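Heads up, the next two complexes both have chain A, just with different partners, chain B and then chain C.
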Partner chain A sequence: MTPARAGTAAAALVLGVLGGLSLAAPGSLPRLGPFLDPAHGVFAVARTAELPAHALADIPHLGAPVEVRYDARGVPHIFAAGELDAIRALGYVVARDRLFQLELQARAGAGTLTELVGARALPLDQETRALGLPDAAERSLAALGDTTRGRRLIEAYADGVNAWIDQLARAQLPLEYRLLGRRPARWAPENALHLFNRMGWVLTQSDLERRKAAAAALVGPAAADFLYPVESPLQEPIQPSGLGAPRAGTEPVPEPGPPAPDTVLAMEPAGAPASDHALGSNNWAVGPRRSATGHALLAGDPHLELTLPSIWYEAHLVVPDSLDVHGVTIPGAPAIVIGFTRQLAWTFTNVEADLQDRWLEVVDDATRPARYRLDGTWRPLRTRVETYRGPGGAVLAVDTLRFTHRGPLTRGADGRWVSLRWTVLEAAPALDALAAAARAADARAWLATMRAWAAPPQNLLVADRAGHIALRSTGRFPRRPTARGDHYLRGDTSATDWAGDWTVAEMPQAQDPPQGFVASANQQPVDPAEFPRYLGAGWLSPWRALRINALLRSHDTVTVDDMRRFQTDPRSAAAERFVPAFLAAAAARAGSDTLARAAALLAEWNGEFTVDNRRAVLFEAAVDALQERLWDELAGDGTGSRRAVPRPALVLAWRLLAVPASKWWDHPSTSRVEDRDDVLAEALVAAYHAVRERHGDPAGDGWRWGAVRTVSIPHLLHLPGFGAGGLAVQGGSTTLNPVTAGGGFGASWRMVVELGDSVRAWGTYPGGQSGNPASRRYLDRLPLWVEGDLAPLTSPGTVGAVGESSAALTLRPAP
Partner chain B sequence: MAKSPPSGKRFPVRTYVFFGVLALVLLGFLWDGSPLGSLAVRKAVTAKFSTVRRVSPDELVAWSRDPNRPPPLLVDFRPPEQYRMSHIDGAVNVDPAAPDLAGLRRVTPETPLVVYDGPGLLGAAMVSGLSEAGFTRVSHLEGGLFRWVNEGHPVVDDAGPTTAVHPINFWWGRLLKSAHHP
Partner chain C sequence: MSRAFVLVALALAFAAGTWVGGWLGVVAVALAAPWLLRTLQPVTLGLGAAVAWLGLIAAADDGGSLGRLLSRLGGLFGVPGWALVVVAVLYAFLLAWSTARLAEGLRTR
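Let's turn to the complex of A and B:
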């Protein structure tokens, strides 16, 4: 097979991953000949899988030698004389272990995947560029200037990455490059910006406007607002409300109504994923008063797509008298993103805020507009030409992008032109904020430094050795003169434009609150009864938030081990609410033996999603069947604007439990009128039949949760044999440790920190430090993660304190 | 407590038999104007699950007090330990795990039976055994014992009136008012 053929085959795999296009059909796999070539095939990959006991390398611009010691868990402890040197070393060690991942992630954000894998990545690159991400990265780079701290950090990181690439021996070339028949590209400093843009895209992309318009085309605007509400119907806010308990909304529920007459289809509807996706995260901290040892405790577990290698890489940076930070970085980021110092610890969850607004623009030409209408005058559109190149440099395609003063302008499926404004495209670079915050003396100073954090907004949680705990939903939240941002806005007037940002004081926050703990799990951050300003709509169901708050309220002497156990707690706040509803419906609609049998089986459940549990499967199936039947109004029929829209969050179904005769319960397709208990009973019976059919006898092993719901962690390229599948893990769709039906999302990093006289930390992630599948460090952390266990994260202060080291690396200034 | 049955006194079985026979004669004609057919037909009728009649707690109280109707025999279809904790006064226990109709041996097939469980699930097992034994007048207490006590009707144990009702387990117990949890 020629390298080009192999490259094409591997490109199909890349697309399968990045686009979720499932192109990794067996027929497109590369032939094994060159792959098994003893000189530079997979055997070379195996030979270079482990780090040599001693290694030496030169790095340009290094101010002084840097010593690196890898501990038994493969964590590099970097001892440098200056912070920029530490970042150079970080770039070097990350490249050494994760080179292909570095390039792939940066290219995804830069929209240059075609240069690595060829024309089949073109649609992905075109989407990335049409969103204006590379354009924004260029402007961010210009705004950084040549001498700022942020600029020096990304250049230092590039020094390290390129030092590894430049001295890379052919035998050290990672597997993926061999499959693609490519060599790694040199690392540009702005790749860090592309990476942050990519993270911004992953964490803030939303289609609220389209979703609401599509729902309004089926059930009318009031019902659409109910389905993706501005206020979650069940309030358990991040900023403690003082109630000490969740608050149920009492606003009347609008019934499904006649379709809205004028429906915007400004974007082609994508698939219809459920609204409660598994991208989310948990974090919480308890103050000294509620901790068993009298020290503050902090825990965090960000939930992201799980891949091998993992999105996270663990490292420890030490600069005497300046910096001592241990935690995880994302390959390409010149900082520890989540971690701890000798003084404090911090972790993030995503703020599910609405950061994208869309305007229907009036343009001068329906197909090739040059101007747009604003306040009675025509304004020119800014244009930008995007050129897509193949691996050999050949031009694959050229696009002309148009921008209004708001942002990129795209033409929708119905021919209308829509401009997008998105905070990620305007983020002031905060690359140096994380690095600077790691030098903070306490939680207050850390939070003050992180004021510069703009996008993607995060619920920043920090705890320090003095016992302070604090949480703040931090980022750039636009003020909207239109009051809301979940509907398409009029573009021909500047009166609809954003008018400034929330101040730091307005951001949802809590410092050492009387309840003695703080927690977040991507729920609506502040109860609108306290601060009724629009921050977003269509919030995730608050099940994880309810559960962690219930656990923390009921434990007033929390231990480190409690914190660890809570991360994989097997119970669900959704189950507590839905199981009684199913059982009450079964009693109220008694009459079928199957219903009685299903209800009896469900009632046998102890409410836990443990691996050996044999009843959780029935609950998950029943909730799924319930949503399918309840939201039948949203299926659409595919004609005109009547397209299927995504299921609303499960908490909306919970809201309807209190309205048993709502028209939402009735099936439009039947002549009789169904109510809540009819639909609950139907769903339970349907679930019973489905589970019996798929998993056999209720007493059998087929009903074991660990046999039904498993986690799969694919290789970044979905290379067969290099992923880990069928992992039985404690948790369900609505538990603190989310284990969803797709099985590919979950806790990408777990950390618990005790802020005592000395700071002690534990953590793990599902994978290993090495990106080389032949390495023993590729999957070595997986068993611990599957068990919900954590490893001690040791942070030796000096080279001599490292103890037994698995490998040593000395970095010297390049002559 | 206006809805409560008049007393905790049990009726002798022969009373049930008497009223059962009376009910057979009366209801047999009232049903659809034709006399009841063979035992096989009666079995078929009662075994057909959906035709089992339902009676609400209030209707049961009214029925029990109605001198013009044969009083029903109550069948408590729950495990013995749940029955021992409390039951509706006069109810005969039949253990679902080992259905033994010995307690009903002296009752005629035409005796009206009202069967109940905890939450009011109408399982086939609850009535099929009784139908197979030839009982033709099987009714089902809507909402079971939980609804009965939730609506304020009394229960008894060996010592007399009580408030506690066996919640079965955590989830089913959620359907039972907290005042009735043991």
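Let's turn to the complex of A and C:
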């Protein structure tokens, strides 16, 4: 072969390879040519990272032009002539900044993730559909009708999102779509319902019956009731009890007993931790009597899974003489979810109520049932065929779902058929209530509007300029003829079915209480000593509630800055109770040099989880070691691979501190009988060894809390390089700003509002307004969040009052 | 005609081609240019395409956005961010060179 021919052959080979890689995607990689193309490919993401100084767009059904001005923090201030126009504009600006997130979150609720990301999402989609969430969204949409306010809101939002999608230039395609080789789907109005259903799943999904049955299979039903108590052993309820202090339960502690018969349902998955370390949210408000300025103050920080971009998007909507609301929305929601107006401010925490019950059904066929037994007759099961498709439309799987009159029917690991009833599947999101509440004149009117809120139930906190503060655990709480909902119920009788809902008057609540403040942190809402009706079991630990109540009780002239500092307060109510117990046990079991050394180090701790603290690490390790040892009866088959996890584990451990000879303290695997101090001392020594081994000398930087416990915020798709990791923040697993091992949960939004002659607000969230990872607005809020600081939230009333804006957008009615 | 002038002219042509036709625009320009200037070597065409893509990539920057993007993409693919620019420029070079070389070979058969 001549050199010339060889050169031609080489060129043909190179061109063939490049052309092949550019025309067809190899594996999961994008097509090479379109991806690298600097005009329209991945590099164009850098060119479109920031908003243009001026932009103009047309939106269908817009009644009048809308002006949008972005401030220096990237917040769009939307000035519209009507509320529906404002919602159209909100859909447009959210899509402009968060298009991929919009679609991903809606698909997660619709169970259609496979159509976007492929077969790897199939298990998640199957779970979503098996729970009946898409089925419920379809029924909610039908129930909304064609002319209701709620329907008009979700359609207006869709107008805005789709206007952006329709005008999307190739260069503006978000990076994630390029990596997946996909184009955005048009936004359907019902996507808002899918989004809220997904939020309902995140906030209310519970497997209390299964957990309790698993525990009963190990230690008997009485002990299982202790491990998931209906009554939290430490009461600091949301509805103030009037005691002015926490109340400790004094009921006898059941000992671990023999396994209960017929408790063979699935146990905890392999590798489950011994402790729950459950997280939640905080909110509180102080009345004028306890604030330094004489005005009501409100603070809120909902804790959720942290992602980039954030679940929240900040916006300000103005409609003259009708609406002026500033706060955060969830991409896909046609309203400001948490925020403030010129009159009032509000925020939420989740009510950790039991909203799911499960019935063991009698069916006509163990493998493919068509009927179920009820009150002596056979009833047909409703069926629904679910088809899962890949990005190209190919069918990946087909499932047939079955429903009883209660809800979806699934087969348990032991072969039994279990139906689920869940308020989220029966309650359309009250989006119109949320939108209407933003027009309320005062706290009382706001609460009245939010009566319609059904699911997921929230501890609604509101404060107004007149100085009123109020909190109500609002949502649909079922009345149970069985009195309890934490055990599997008989399905062959309708006598076990729910019988209506709690009335609003029955819901836990407080308005302008004598103590001068209200607070919630996902704890049991009302002390059962006052109102002994079942609302749930296995409540979250009340440590945060104890701490915030202690702070508020000890400050009678609270300032805005106090409210901000409280949100990242470094002290723990759990540490205040456990450190003395560890030290007393070490003194009682003196004799070991290691124990004395560990106790001396723990005694040096000032009780604070600050970034530079060098002793908090020992306490956290000791608490973990304590729970590993204390709950060893729950280790299942002896291999340690399966176990029940109590909840609230650390509060139960605290309860047991008062019962030093309880059988719970004894290790079943040893011949001697251990008591409380033995186990506490063991745990402290084990923690000392573990921390020394992992982090070196106690005087070294390895023991710095900020080096040991950090927060990581992954990208929505968990793309390496697109998240933020190693963030040293103030807080421990039981502080108001909870930071747990692995650190992917936390305060997703922090807000403080002063309701004075004018309303002033401050806030931030971890991330930024833009979903474009090349934008300076992708992560620009993170440093402030890490420091526990807040930015002023300015709310100009008119376009002219915006001042210097970073970008302007004019939206016109489409011709 | 100076070599530098030719290179700049080619780069502009490739940039325009890319803007209009994406990566296929590079192929089109690499095929068309030799008809206008028969003395063009495939390597020169490759260089022109590489310069054009380098310029377009640099022009995509908006206040540091390119650096942020490269940093994140580098993390995603497990390579330094600048390596992606090298890959893109090399891709453009090879695409233009191989197209021109193949066309030249076929023309002279």
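Here, the second predicted complex is superposed on the first by the 751 of 815 C-alpha atoms of A that agree within 3 Å, B and C clash if a C-alpha of one lies under 4 Å from a C-alpha of the other, contacts with A are read in each partner's own complex, and residues count from 1 in each chain.
Rule of thumb we're sticking to: contacts are C-beta pairs under 8 Å (C-beta built on N, C-alpha and C of every residue); 3 or more make two chains touch, one makes a residue touch a chain.
Please read these numbers as outputs of a predicted model, since none were measured by experiment.
By the document's definition of touching, neither partner reaches A:His405: not chain B, not chain C. When chain A is checked against chain B and against chain C, the one touching more of its residues turns out to be C. Legend: residue contacts after superposition of the two complexes on their common chain; A:Phe722 is shown touching chain C, with no touch to chain B. Legend: residue contacts after superposition of the two complexes on their common chain; A:Arg379 is shown touching neither chain B nor chain C.
Contact with chain B, but none with chain C, is seen for A:Pro580 once the two complexes are overlaid on the shared chain.
In the superposed pair of complexes, A:Arg812 makes contact with neither chain B nor chain C. When both complexes are overlaid on chain A, the residue A:Ala774 reaches chain C alone and has no touch with chain B.
Residue contacts after overlaying the shared chain place A:Arg47 against chain C, while chain B stays out of touching range.
In the superposed model, A:Arg533 lies in contact with neither chain B nor chain C. Counting contacts as defined above, no chain A residue meets chain B in one complex and chain C in the other.
Across the complex, chain B is touched by residues 579-580, 583-584, 586-588, 590-593, 595-597, 599-600, 602-607 of chain A. Residues of chain C touching chain A in their complex: 18-19, 22-24, 42, 53, 56-57, 59-66, 68-69, 71-76, 78, 84, 87-88, 91-92, 94-95, 97-102, 104-106, 108. Put simply, chain B touches chain A in their complex at residues 49-50, 54, 119-125, 140, 142-144, 146-147, 168-172, 174-175.
Within the complex formed with chain C, the residues of chain A that make contact are 4-5, 7-8, 10-12, 14-15, 18, 22, 32-34, 36-47, 49-50, 175, 179, 719-722, 773-776, 778.
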